[in-house]
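Structure record follows, encoded as structure tokens.
We just call them A, B and C in the order they show up, numbering each chain from 1.
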């Protein structure tokens, strides 16, 4: 009975983590069709921003919820202006350039902070389920994942920016004819995606090993989750995160973490084969 | 007496994209070595019809037979091997390759190297691009690229040739030349030609099929079609009962 | 200049270059010291890997993020087979066949499954990760194939060295390893050139240019892409075996994402769409990485990343095409120099008078 509760918490953790990892990428890939291979490094920068500012004395909540997204959002803005905007429409070149960017960022962080850094403790403490101990951080992450989904949904559905962004993504020429500058929309959307990713990285900092190369472990997972989700950036990503997270955690629980990862990848490949347009190609069609 | 199998026949052919019916219950027959013109305003379903004939789209319902063989939903390369060639509305050529290479690829599939060489020379002469044989197709003018595409279709030596707007973007001289090529082709092969240029249609047409909103409005000789007020109305956008 | 003359000259030049390369390979052990020769052997194995991606991507239009999967499979297949058979000859063959079969299965899944080419990159990347995870966890003694323990994250030490075909007693010394590896590189290059000149190769390139038109002409694009992908897998596998032979060691790091990235960098900066480009790119980057690795001042990742970004922004076609373009433009300028009729003297332009 308690074991079931622990497994449920594990699954919740896995799904919430995936949602957080993927949301920024879903925004950038889903709305702009840009394959940002530096996504893992945006996560890493968010984690580093949190760790560095917390170690410098800043309150951890401020570091995670304010500093991380602001910093990485700014980085995203600079990256879009200086690199991405020259490569719109050049899919493969964007992939190559962002891969080069990811290498450069890893190299830069390694140069500045070395291969390891003093981490931050997990806040909130723990609780017990029978004989098993669990962390309160897990339900907190789940809450944050939900809150972030809701916030992005509200932003896209109810604000002027959201409307303009969705319109520009669907038909930039039409939007331009109506007086919107697509370039500024792209810039803002990329920065938004980066900020969301930075926030995710900051939230992961207490529970992940913060090293310059931490991004590599997440990039592939994030991409296949977004690709598996399909065109609907919120419902699709949430659906594939739920599916993959469940399978990953359950398989890990039953066998080993390694096979849990393998199970996730195999599921993703099978899913893409069966539903080439992703989950939201068949279900949740037309939703955000 | 044995029934003559038509070269191409569609029966109740329909294509639906979600709620839009692009081709609506079309029954169409074409005989061997026949030349048919297909006209109708934009959005009437002509290109969609062609795409179903060549395997680029899978029909929602209905049948297509080529010399009696069912081909609805078959893959493009399978239909091409049966003997159907198409010059598409948006040019589909190998832009990065030379004119010669484009034709060579087309000719080499079912011919020996020696015959391929002869065929390529023959076709390149027909499309009058011998001097530009080594030119990269992407750098040619729009009219020349259309001819290269027609050339690749010819080099495949198909029984049925579909031409989707072959005169688009051509100068008057080029249009006259294209009409010549079509008449020349028609001595041995069947063609269906989609066009908007009425002068061009008049140069080549015998029987004309008029499409409107996915259905066949009428099918008759060019003179009868041109005189019919419904055809004029359809082009002017007025509502006409099929 | 007539096409046939140009073609004859081009062919002669290529044959001359080939002869020079073969001569260079044979002569190298006499002039290069052993340490450098071993370095070059490593480079040659990597160049074979570079050729595998250069071929399938530059000519087949297939961007695979997982050539390392086939490279690693080839290395492991060679190691396991060499240990079990005691003879490197079947091991080398298996190093080509096993990745080839794997490529056939994966390729069938992707190309016949109507999966878009963009997702191919994601899937090949994922497969590489799966392999890494799987092989990494085979550390226990129970994970063995025949007599060979897989070793997990520890890797497989003492990978048997290449021997003369079917003659396990005669081991190929360091010079022999160089000759075998560099020789294989030249052989693979020539083979790929021949494939590209054949009807199969020309159709594969046409499919890359316009898949729709190729299908409308009666060619089945899925089959061609599958075969191109399998060839790439086999070539990468061969490179992997020669790499395992060079280091006498193979471990799961061969499946690392960083190597996948490097291959793409080699091809991009060397020149996509050429065969010599990936080789050039590989040599430049690997020599650079070796130099940077030896010093502490600048981080290797940073340098590689900046180089890649620089090339994508400034020289997207890569080095070899850029050099070729410059050379061609130079030749054309020389050929176009106006020639005066005989008997007329050139009148020098008026020189501006020097200010007093």
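Descriptive notes on the structure:
Note that in this section a contact is a pair of C-beta atoms (placed from the backbone, for glycine too) under 8 Å apart; a residue touches a chain by one contact, two chains touch by 3 or more.
In this text, all values refer to a predicted model and were calculated from it rather than measured experimentally.
Under the stated contact rule, the graph of chain-to-chain touches is a line, running from one end chain to the other without closing. The interface with the greater number of C-beta contacts, when B-C is set against A-C, is A-C. Here the spacing of subunit A and subunit B, counted between their Cα centres, is 49 Å. Separating the CA-averaged centres of subunit B and subunit C is a span of 43 Å. Inter-chain spacing, taken between the CA centroids of subunit A and subunit C, is 34 Å. Per the touch definition, subunit A reaches subunit C in the complex via residues 35, 83, 86-87, 91-93, 95-97, 99-108, 110-111, 216, 220, 223-224, 227, 256, 258-259, 261-262, 265-266, 268-269, 272-273, 276.
Subunit B contributes residues 54-56, 75-77, 80-81, 85-86, 88, 92-97, 101, 104-106, 108-110, 134, 149, 152, 156 to its touches with subunit C in the complex.
Those residues of subunit C lying in contact with subunit B across their complex are 3, 199, 202-203, 205-206, 209-210, 212-221. Considering their complex, residues 63, 109, 113-116, 118-119, 121-123, 125-127, 129-130, 133-134, 136-137, 257-258, 261, 264-265, 268, 298-310, 312-313, 316 of subunit C touch subunit A.
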